[in-house]
Amino acid sequence: MWRYLKLWLSLAKFSLLGEMAFRGNFLVKIFVEVLWLAILLVFNFTLFQQTTHIENWDVNQYLFFIGCYFAMGGLIETLFLENCNQFADLIRTGDLDFFLLKPIDEQFLVSCKHIDWSCAPNFLLGLGVMGYALWTSGWVLNYSQIFAFVALFISGAALAYGFLLLLTSASIWLMRNQSLYEMWWLFTTLMRYPREIFSHGNWATPAGFFFSFVIPIMLVTNVPARMMVKTLEPSWLAWYALGSAVVVLIVSRYVFRAALRRYRSSSS
Amino acid sequence: MPIIEANGLSKTYRVYQKKEGLLGALRGLWRREYKEVKAVESVSFTIEPGEIVGFLGPNGAGKTTTLKMLAGLIYPSAGNAQVLGHVPWERADDFRRRFALVMGQKNQLWWDLPAADSFQLHREIYSLSAEQFQRTLGELTDLFGVKELTRQPVRELSLGERMKMELIAALLHQPRLLLLDEPTIGLDVVAQVTIQKCLRDYNSIRGVTILLTSHYMRDVEALCKRVLVITHGKLVYDGPLTGIAERFGNEKLVKLQFDGTETPGDLGAFGEVTSREGPIATLKVERLRVAEVMAAMLDRYTVLDVSIHDPPLDQMIAKVFEEGTTPAPELVEK
Amino acid sequence: MTQGLRKYLKILRISLVERLAYRADFFLTTFLRFLPLITTFLLWEAIYRGSGTDQIAGFTRDSMIAYLLLVQISRMFSSMPGLSTGIARDIRDGNLKKYLLQPIDMLWYLLSYRGAHKIAYIATTALPYGVLFLLFHEVFTLPSAWTWVAYIVSLLLAFLIGFFFEACIGVAGFWILEVTSLMYIINIVNFFISGQMFPLDLLERYPYVLDVLNVLPFHYLAYFPAMVFLEKKQGTELLVGLLIEALWALALILLSRWMYRLGLRHYSAYGG
């Protein structure tokens, strides 16, 4: 465990050094993300000129949700997305072989090799938006609430990582022509909005249930955000989110190994 | 105990047969057809500690596939193997710590960082102690003569220097077995020779076992006493390098110096003339007819000097590759 | 006997998995492609419910959904993924020579290539989009024949504007290195100012912003054709809109050709 932490720190350091070799690129990427956040916020304010609530989320609560989504997205993109995106390339070029030769867990090496520091500011921007939303809504400091939020945010990140790994593994024999980036972006549409928008209509309600409890992608952002600015309903949702994170992590590891096995028996 | 023991290793894989045209592509959405390709068929051999063995064969003969099976990267379809006392495709950590694979056309160093940083990462991955790492690194950079280059970004190195760095990275954890796939591909002659020398020296210092594939006969001639020849997935020769001529070469080159300033015009009757230069000519003659031809020629012309050679090894190998698996028939009994 | 049976069970299993994989591929990607659209619909329904009104910036709930669907059609015509970065790459790698050595003009060649590509793309996505439009057919009222004509004209002009705008950016690769980053930024801004995110009318509180956006060519890439179909642009407004669209198309064609010619001179002067 300690060994993996040390290795991860080295990888993080060398990723940063590598990134610094192309500072221009780094700055452009950050600029693009700031721009994207600005557009999201403008969109958000335009919507709230028309209505005071979106479902039962008021403007500050909704802003907090956006911040939470942005921070979550930034975290996943920084740590894992670029790595998983390269997986298909590693298979196509055969460079995956080098990963398999090392006396290190393959999943760790494939999904953690490169830390994409240029996405890290997203995480900070998201934190900033969340902080601003709390401040304008007159939130009073509450340590146990913060602790619960952090725990649920991490569990949400673990859940998202599990789904990303599943999608990555599936991309070996499904979706061979699509980029993982695009697929992940499309899939995470489901964590971009409060769960409640899926609570009306004869097909949206079952879909909302499906993506909350069967494939719980919506819980990734909904549970931590709700924990902080609203109340969790039902109250066992936090435990459900934690439990599903564990289950999805285990299942995704199993599927990833199956994908590797398949690669190793079909390639030459 | 042998380092590598391969027994009837075979690898068959399926390739998707893409159909032509729009209609074919649409049909492929529902039904796909596959073709079975036999990459390696029942290959068996053993390699002892400290050996350097050359693995020869044309493109697509199954060299890399065999190497990958021995490295545990892919599963064989049949057969078994023991490498360093392990079944390679079980990929035990202990096994992975004790060998290295280097592929000439792939690089695993971080492109934008100095090689020293990649080495550092290797240290973490193989959990090497600091002093062991420093000592090995010092030895290797001395041996390969690249001490000053390790702080330069890898992308700024020449191809040969990059290959040396790759080899150093592969040797840092002091593997007992080194698998090399085309280590000198794309390098100029000077770089090829230095890499060969480094490998030979390292082998004699450390006693590391090396199995290497190469297109370049020069690599093999410089490094290997023993070679394996594989064509169409089958092992067709396993023995000393010098034995290849006996096994596959059914022709000899006869070099003659005639009296006078020119070679006679009717030499073609004795064999294929491969070169003429002033009074000197080289003829390709069937092995079994050499004595007979020589006698006839000495009878007819004034010959000042004669020498008989084997054809160059790479030509012979090229011929083996072309002809596939059948060696010269009259020599099989030997 | 049991062994024989097991062999066939295995074959059955393998071929079943294979078939399912290919169909799953198709359905999964189609499903994922429509996800953003569906969630946006749901978001707007929530907004209409929350606002308690029937009209937001002149859009009813139905016409809002119709708008969001129609914007997809506009983008089918006007989006040119990879065009400018492709041109810039050709310039940088020296692949441009293939156009200079052969008697073809790069821009016209790429235009015909993209045209063919678009037709093929529209044909292959017709089925899933057809299903989607059928599902939401209630939100549409079919426009008159003249509106259809105007709609198709606006779409074709949108194709030209989309193509030649990206061509200009690509040809700028003669002078600037970072076309890819530039295009990233433009794409994000474009998502907003072309009206893909929401109808620009929502910005009614900022009339000067609207005025600026209406002068720029970007709203022709998504917003304008959709508004034509919804018959929200009529009479002189429609004609003037189409006229300005045509002028923009012409201007961008001329600009890209001029830049291309200038770039070639620059290229040959500095030896590529």
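So that you can tell them apart, the chains are marked A, B and C in the order they are listed, and the count of residues begins at 1 in each.
By our rule, contacts are C-beta pairs under 8 Å (C-beta built on N, C-alpha and C of every residue); 3 or more make two chains touch, one makes a residue touch a chain.
In this text, all values refer to a predicted model and were calculated from it rather than measured experimentally.
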item: Far-end chain from subunit C, centres as C-alpha averages; value: B
item: Pair of chains ranked first by number of touching C-beta pairs; value: A-C
item: Chain nearest the overall Cα centroid; value: A
item: Gap in Å, rounded to a whole number, between the CA centres of subunit B and subunit A; value: 47
item: Centre-to-centre distance between subunit C and subunit B (centres being mean Cα positions), rounded to whole Å; value: 52
item: Distance from subunit C to subunit A - Cα centre to Cα centre, in angstrom; value: 27
item: Interface residues, subunit A side, partner subunit C - complex; value: 24-25, 28-29, 31-32, 35-36, 39, 42-43, 46-47, 49-55, 173-176, 178, 183, 186-187, 189-190, 192-193, 196-198, 200-201, 204
item: Of all residues in subunit B, those that touch subunit A in their complex; value: 11, 13-14, 37, 39, 65, 68, 71-75, 89, 91, 93-94, 96-97, 100-101, 103, 106, 108, 110, 112-113, 117, 120-121, 124-127, 153
item: Complex contacts: residues of subunit A adjacent to subunit B; value: 3, 6-7, 10-11, 14, 17-18, 21-22, 93-95, 97-98, 100-104, 264-268
item: Contact set on subunit C toward subunit A in their complex; value: 21, 24-25, 28-29, 32-33, 35-36, 39, 42-43, 45-47, 49-53, 56-57, 178, 181, 184-185, 188-189, 191-192, 197-198, 202-203, 205
